[in-house]
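Below, chain A partners chain B and then partners chain C, in two separate complexes.
Here is the complex of A and B:
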C-alpha cells in the first residue's frame, strides 16, 4: 500500500512536464503494467539483402529490432512485442504500415525501418514510429553509420522512440565504465573495462596486475577517473582513453579514493585519508592545488555532484553510522538528509536533479533506494543480500548497480527502472562491479 | 593462525612426508620457502635470515590485530601483539613496514576503504606509541578487496576485520 502510494506520487512528478503526459493515464505500479505503451517491433526491412562487414542487411534488420525492443523494455513506460514471433517487413510496409494487422494484436505503437547498404560502404538505418490507432507517423529518422557502429544506430532509434513517447530525454546511446572481476574471492583480479549501456562492445582497459576500483567516465568520455593499487599504493588516476596514458589526480603520499567528476568536467571530487581520517577534497581535473571540503574526524566519502554543480551529496559516519548528507560545492552548509532508519550510503545525484539514489543497509540486506535531495519520499527499489553503488542513466530514469552473492562473493552489474520494475542483469564477459553510467554520446 | 606461518608449515610438512616416501622425486615438491629451515637438516639449523619477513613472522606473536564491526580501536590483546612486533622492529631499525588495513565484505566499497585506513592508522599509532619511528611505518587500506577468510559467516567477517603488519623488503 505504502509502496503504491509512493510510486504514484513519484510518477506524477516525473511526468508533470511531459508533453504526452495525458497518454499515461493513472499510475504505473509494479503489478499494473497495462498502462505502459504496447509497441510492436517487427524485424526491419532491407531493400536488398546484401553482405556487409556487419553481416547481411536482412539479418541486421532483425538484430536492430532486437536492440530496440530490448532497450524499450528497460523501463516501465513500454511493453515491447517482437521481433521474435512477428513477421518480417518489406520496404512497402515502412511507408504504408498494415495498421489493422498491428491493431489486431493490441499494439498501440509500431516501429518500422530498414537497413540499407550504401555504395560508400556505410549503412543507412531508417527508423519510423507510428501511432497504430491514429494511423499516423510520429518519428522518422535515418542514421548513416559505419558498419561497425550499427548498434549505435539501433540505440539512437530506440532513443528517438523513447523520447517521443515518454517525453523524457533519451539514454540508450551511452556507455558504462565498470570493473571486470575474475579469480578467487581472496585474490580477485579487478580490471577497468568499458561497454555500451546494454553490455555490448565490451573492452578491457587495464590488465589486472593491480586492483582497479570505482571508475567514472568524464562528461566528454575522453577520460576515466578511477582507483588503482599500482605499486601497492591505492591512489586516484585519470586515464586518457585516447592515448592510453594515465596520471595521478594529485601527488600525495596519502591514499586517495572515491573519485567523481563535476558535471562540467573541470573538477575532480575525491576522498583522501590523512592520519587515518577520510575527508572530501576537490582538485582541478587538469591538476593543481587540492581544496579540502570536509573537516571532521569521521569518515567522509562517496561524494556526488548535483547536476548543476552547486551541491554535493556525500556520506559520513559522524552520527555513528553511515548517513547521507548534502552541502554546497565549497563544503559549506553540511546537512544530514537520511533519517529513514538503518545506514545509508553511496549517494548518487540523479542527472535530472530530483532524486538521490543510495544504498540502504538495514536488516541484514543492502538495497538500492531513492529519495529526494531533501531526504523525503524514500523508496527502495531492490531487495537482495548485497546490492550497492547505484549509478544513473543519463536521463535519470534507470539505475544500474552491482549485486554481490553471499558466500562466493561473485558480483554482477544489475539494472532497475526507477519505479522498481524491470530489474535485469547486464550481461558481461566475466563478473562485474562498480558500474558508472556515462552521459548520452555526442 | 596466520597465512604465512600456515604456508611455511604446509611446505615443511610436505617436505617431511616426501622425505619418508622415498619414491617421490624432488621436482614434484614445492620449492622450500626462502630462508625457511630445511626439515631434514636439524644438524645445521639455518633460521630465517635476520631481519627478514620470515624472521619477523617467526619471532612475533602475530602479524595482525582484529577489530569489531565498524570499529578501529586497539584493545589490550591487540596491544600485546603490537608490542611483540615493536620489540622485533627495535632490533632492526633499518626495516620499514607497511600496515595493511582491511574490512569485512559487509560494507560499501568506499566506506570499507576508509574504515581499513582507520584500522591501519590505529595500529600505526600504537606502534609509534611503543617507540617505533612513525616515519618507518606506511599504511594502505584494501577495504574489502582482500579477504583472508572466504566465507560469509560472522566468524569469517571477524577474521577479515584486521590490520596486518608487513615488512618492506
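Here is the complex of A and C:
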C-alpha cells in the first residue's frame, strides 16, 4: 500500500476553471482487494400495521428488507447488514434517519423505506438510500403494486439501490429458466423450470416424461424455447407460458437443438441436422420458412445474437475441434475469434455487447471464460472440474452457469461476477443445469 | 616596458600566487559541512508503512480515542530529539487512524506533525461530524524546512482521503483515472470540487466513468474537514488529486 504523490508548483492561472492555482498535486490509489460497502438494511416502516392479502404491512416491511439485503449480498459490491439484528424503523426515520446511530455500526449506506396499504387494495412500497457519512439522500423511489407482486417491488428497490451505488444497470427484477434434475446418474429426469432471480416463485413447467434442455426466455417472457429430447431425437419447442401449450419451432422431421431468440423476439436461431450435417438456421418466431445461415460439413451450433441483432456468435468444429466464430446475422463474414488454446464452446453474447462468455475445454476441465467479440482479452472466471453453459444477467455484469460434480454427476446452478469475484451457488429445490437468465421484467 | 611596469607586473604575479596558495590551503583544511539545503525525506516510504498496517476493522474495535478536548491541554513544545515520541503516540493514536502512525511519527517527530496527525486522528475517529481542526500554532522547529513540513501535512491529508477512496469494480474498471481540482477553505472544509480530466475509458468500463468521479469526490468530502496548518494555506488551498485503482 502506498500513496504516491508529488508536490508540484503550478503557475497561477494554469487551471482556468479553478478559482485558484493548484499548489499540491498527487495520486491517491485504491489498492483494496475488494470493493464492499457496508449497507444497513433495517426493517421497513409502515404507517399503520394492517392486514393485506400479502400479510401484515409491518411483517412485509421486514420481508422486503430481507429481499433487498439478499439481493445486495449476491453482488460483489455490498456487504448488507440486516434486517436481522437491527431495530425496526418508524415513518419518521424514513425521511430523517438517525445517521450517527448507523455510522456507529460502520454502515456507509443506509436503506429505509415503508410499506403502506392503499384504499384501492394496492400496496405502496417506498425505498430510500442514504449516504451515512455525508448524511445525504441518494435514492428515493416508490412502487405501487398489487399485494401479490410485493416481491417484485422489493427487487425493484434493490435494483434502484444497486444501480445507484454500482454504476451498473439493474438486474434483480428478472427471472431464470433452468433444467431441474432428479433421479440416478444414468437415468436423470430433466424438467424445465422457472424461478425469480433470487430463486423465489419456483415452478416446474414440464413433467419430466421427456428430457428438457437449453431453455431460453423470449424477451417479453411470454414464451420459452427449449429442446425436448425423446427417443434419442432432439426437437426445439416453443412453449407458451400463459396458455401452457407448445409447438415445434419448425415442422420438420429433422433434429433441431440449441435455440436462441433474436433480441427483438421476432426470430428464433437454432441448429438443425440435415443429412447428418448440423448447421445454423433462423425461422420467424411465429412460424414460417427456415433460412440456412451456415453451410459447412462441420457441426455449427450454439448460436447467440449480439444485443443489436446484427451479429451472431456460434461454435463450429470446422477447424478440427470446437471453436467460437462470429458472423453477420445473415450468415456472411464468418470469422473464428477463439485462439486461446483448447476447445471453446457455447458462446453467449453479453446484453451490453462488450463481451462474449464461453466454455473453455482444456486439460479435461470445463471452465467459464469471457473475451471481447474480436476474441481479445480472454479471461477465465472459474476453475473447477466441469463448469459450462454461461448465461448473462440482464445488465451484463453477472454470469450464471452450471457445475457438474465429478463422480456423482450432480449438477448445480452457479453464479459469478464478470470480474471473477463472488462465485456462489444458486439454491434450487432439486439439482439444476442449463440456466438461462431472462431480461429485466417488462 | 619600463621599470615601473615590470615592478607592477611582478607584484601582481606574486600577489596572485600567494592568493592561490592561501585559497588552496583554506580549501583543503577541514571545515564543518553545511547541511544539505533540502534534505531528502522518505515520504513515500513512511506513508506506505503507515498504510500497510492500516487495519480498519481491528482499529475500529479498539476503544475510545482520547477525548479531543484533552489533547490541546498537552504541552505543545517541540519534542526533544532524545525523547521517543512513540509511546506517547501509541497511547494517543485512536486505532481508527490507519495504523500505527508510529513509524511516521518517529521520523517526522516535529510538533506540527504530531498536531497534524492527532488532529487527523480526532477527525477520523468521527468522520463526517468532526469540526475543522486546523492545527493551532506552528511550533515549527528551526531545523524543519518548508518542504518537510509541506510533505508531512500533505501526507496526512492524502492518507486521510485514501481511507475513503474506493474505486468502482467491473471489467477494466482499474484502468479509469479521475483528476479533480479541489479547493479548500481556510478552516479545512471543502470549497469546490471540479473534474479536471478522466482517462482510461473503454467499451467495458464506460458505464463506470461517472461513478468513478463521484466516488473520488465523495472520498474527499467524507475525509473533510482537514486539519492543515493555517499559515500554509497558500499551499493547500487548491489541489489537483488523481484517483486510481491498483488490482491485487
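One rule holds in what follows: the second predicted complex is superposed on the first by the 402 of 442 C-alpha atoms of A that agree within 3 Å, B and C clash if a C-alpha of one lies under 4 Å from a C-alpha of the other, contacts with A are read in each partner's own complex, and residues count from 1 in each chain.
Please note the rule applied: a residue touches a chain if its C-beta (ideal position, glycine included) is under 8 Å from a C-beta of that chain, and two chains touch if they have at least 3 such contacts.
If you're wondering where the values come from, they're calculated on a predicted model, not measured in any experiment.
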Which of the two partners, first being chain B and second being chain C, lies in contact with A:48: first, second, both, or neither? neither
With both complexes superposed on chain A, which partner does A:354 reach: first (chain B), second (chain C), both or neither? second
If you stack the two complexes on chain A, which partner ends up touching A:243: first (chain B), second (chain C), both, or neither? neither
Kindly classify A:134 by the partners it touches after superposition: chain B alone (first), chain C alone (second), both, or neither? second
Does chain B (first) or chain C (second) touch A:332, or do both, or does neither? neither
The intersection of the chain A residues contacting chain B with those contacting chain C is none
Contact residues on chain C for chain A in the complex? 43-44, 47-48, 51-52, 54, 60, 127-129, 147, 150-151, 154-155, 157-159, 161-162, 164-171, 173, 181, 183, 191-192, 194, 196, 203-204, 207-208, 210-212, 218-219, 221-222, 234-246, 248
Please give the residue numbers of chain A that touch chain C in the complex, ascending. 1-5, 7, 10, 15, 17-33, 35, 37, 76-77, 100, 103, 106, 131-135, 166-169, 352, 354-355, 370, 397, 417-419, 421
Listed in rising order, chain B residues that touch chain A in their complex are 70, 72, 98, 105-111, 113-115, 117-118, 120-122, 124-125, 138-142, 145-148, 150-152
In the complex of these two chains, what residues of chain A are touching chain B? 184-188, 190, 211, 213-214, 229, 232-234, 253, 255, 257-258, 271, 273, 275-278, 299, 301-302, 315, 317, 321-322, 345-346, 359, 361, 366, 386, 388-389, 404, 406-407, 409, 433-434
